[in-house]
Amino acid sequence: MPSPILPIRISNLRLIKGGRAVLDGVNLVTEEPGITVIMGPNGAGKTLLLRCLHGLIEPDQGQITLGHLSVAESRDQQAMVFQHPVLLRRTALQNLAFAAPGVARSEPQQLIKALESVQLAERAHQPARMLSGGEQQRLALARALLIKPALLLLDEATASLDPASVQMIEALVKTQIAQGTKVILVSHDQGQARRLADDVVFMSDGQVVEQSPANDFFAAPKTPVAKAYLAGEILL
Amino acid sequence: MNALAEAFRLIITLDADLFEILRLSIRVSLVALIIAAIIGLPLGTWLAITRFPGRKFCILLMNALMGMPPVVVGLMVYLLLSRSGPLGWMGLLYTPTAMIIAQVVLITPIIAALSNQVIEHLHQEYSDTFQSMGVTGRRAVVAYLVDARYALTTCILAGFGRAIAEVGAVIIVGGNIDHLTRVMTTAIALETSKGNLTLALALGTVLLALSLLVNSLVIGVREYAVKRQYA
Amino acid sequence: MKHFILFVALAFSTPTLADTIIVQSTTSTQNSGLYDYLLPMLKKDTGVQVNIVAVGTGQAINNAMRCDGDVLLVHARPDEETFIAGGYGKYRRDLMYNDLVIIGPKDDPAKVAGALNVNEVLQRIMQAGVKFASRGDDSGTHKKERLLWQAAAIDPDAGSGQWYLETGSGMGATLNTGVSLGAYVLTDRATWIAFANKQDSTILFEGAPPLFNQYGVIPVSEKRCPNVNHEAAEKFAQWLLSETGQAAIAAYQVEGKQLFFPNANVRLNSSIELK
């Protein structure tokens, strides 16, 4: 089944903040399904790009299309998981029900299944904000997947989580690929990028400087800045 | 000390007049509170999460109205409900309903302004997530109200405190009529003017006890909320 | 929202019963307990439920001019006559009287107790520079007090805020203020006798003719205010003016003292119908 939101085309995207171009003419075309990992040093504009793609920020210039759709038109086929999950002040189960009221009404057992998929079924009736950081992020992911998104955006979603939760989240993301979901993931974790990425987009100073299949990128990055980044050098 | 003993005696002996007045006080302020909350909470929430030109001015106005003297509110409602006023045909002046209306006018801005602050705070936390999930409009207002429910109890409590304690508005539109519109505060005013200072103070003590009771209930609710990370 | 307000209004409004009236009244009759004594009897005889709104005479008259009352019961003869002349009242009858007294601290620093008349009392107060607490609220008692100063050729406003203190409040509040400050106060006798916070103050001057205090009763005109319950208002006024009502007023006592003296004109009463 071809994904309705592919190819994703971003052309000449500019975003000005405080008089500085934080996104400075981003051009990117992603035609392949699977997992795209966006990497790059701090301040490169990775998160901002993701937020533009998701419609949380209106860019000052440039265009984004997803398949035949604009950002706004594709919104209900997108889901995003943030670095710090924001959960409602309700139980785990109620958090899922809020995200997908239709599902909650017609197939409530789907909510339990979603909890099971992130091993939180036993926590269904606990206040969501009492869960551990890893559990909260798992719940946030389950919430995002409930609407069966065509595009899943993850913004450093596993940063500083316990290894078990990271593993669970990675596994779940991989199963989504099999169901035809396109995943775009921002990560600082090279190990994670190597484990998950089908292709890599490398950003620096508000621009995309390199886009390669994952194997090529990790074997031989084309740009010096990517090379330095992978070598673990501190980039200022 | 005498006043305390007198307050005690009135309560212990289930003084019929006291309980009639107390019941009316609670009834008037409670109904006013419910109406003010139904208007004020969504209004404050809506102003916290939407952006339109003039929004800042609305919030400013709401905050200013919080400081409106009860006497002025009473006077406005009196002129409205007076038999020669625009709503005179309803025959509401000198009834508990008139007192309810005055108190609604008095406390709706308080509830709206305080809930506005609470929700703005929550909005900073939730806005990305709600935008991401496509939660907007009415659904967002309801969600914010539900999620801030424990913090909002404080706003509602502030409204109730102001309503049950004010005298200036209800004495003008209610008339302090015995067995009809006499409430705790107007009874206190009357007893003071009769020079029955002990009785007046005793009534004040009863009002204080009521306030303590309501406040401890709310504190209990809040502690429960904090324990569940709901606050 | 409109519907909701209306709903609440209906749910909580007290239906206007055929025999319920609102009396715009001076405060002395309420604070002295007269109504608590009279109204149950009146209700038994006439079936009329009376709701008292006790404010100063000035405010009572203003409220009645806005039709917010069925009967007026006040004590400021000139204003009452203006009220009638303006067509707001059906008629005015003398109902009862009591008198005004001047109270002050027991040691009487201005030595008013030995004064020959009211003029002298007021002159001594001003000359001694002791405090005088005035209602300052346009009430019946306040209007009377202003006339007394005028008669004594004194302009108390010159000392306003120094020795002449205008509280802008009711009789009770003014007495509370006056008593705590050791000030002299002009008050009606009924309110003073029933007043419970006398402390060190006492009646220092009384009984002079200018201190006579006449109460009048005025049913509000249904021509001017079509909404008034004029039948019940009439019953109320007529009961007070009747022998039964007058006897009841005379019988009311606080601490063994009669507070109000009925003086309804019997001759006028018999020819009252002004259709």
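Labels for the chains are A, B and C, by order of writing; each one numbers its residues from 1.
Keep this in mind: a residue touches a chain if its C-beta (ideal position, glycine included) is under 8 Å from a C-beta of that chain, and two chains touch if they have at least 3 such contacts.
Quantities reported herein were computed from a predicted structural model and do not represent experimental measurements.
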TODO: Treat touching chains as neighbours and tell me the shortest step distance from chain A to chain C.
DONE: 2
Task: Interface with the most contact pairs, given as the two chains involved - done: B-C
- [ ] Specify the chain most distant from chain B by Cα centroid.
- [x] A
Task: Centre distance in Å when chain A and chain C are each reduced to the mean of their C-alpha atoms - done: 80
Open item on the list: Centroid from C-alpha atoms only, then distance chain B to chain C, rounded to Å. What do you get?
Closed with: 34
TODO: Find the geometric centre of each of chain A and chain B from their Cα atoms only, then give the gap between the two centres in Å, rounded to an integer.
DONE: 46
Task: Contact footprint of chain B on chain A as seen in their complex - done: 54-56, 75-76, 78-80, 82, 86, 88-90, 98-99, 127, 129-130
Open item on the list: Could you list, by residue number, the parts of chain B that touch chain A in their complex?
Closed with: 125-126, 128-129, 131-134, 143, 146-148, 150, 228-230
Task: Interface residues, chain C side, partner chain B - complex - done: 1, 4-5, 8-9, 12-14, 16, 22, 27, 30-31, 36, 51-54, 63, 66-68, 170-173, 175-176, 194-198, 225, 227
Task: Residues of chain B touching chain C in the complex - done: 31, 35, 38-39, 82-85, 88, 90-97, 100-101, 175-178, 180, 190, 192-197
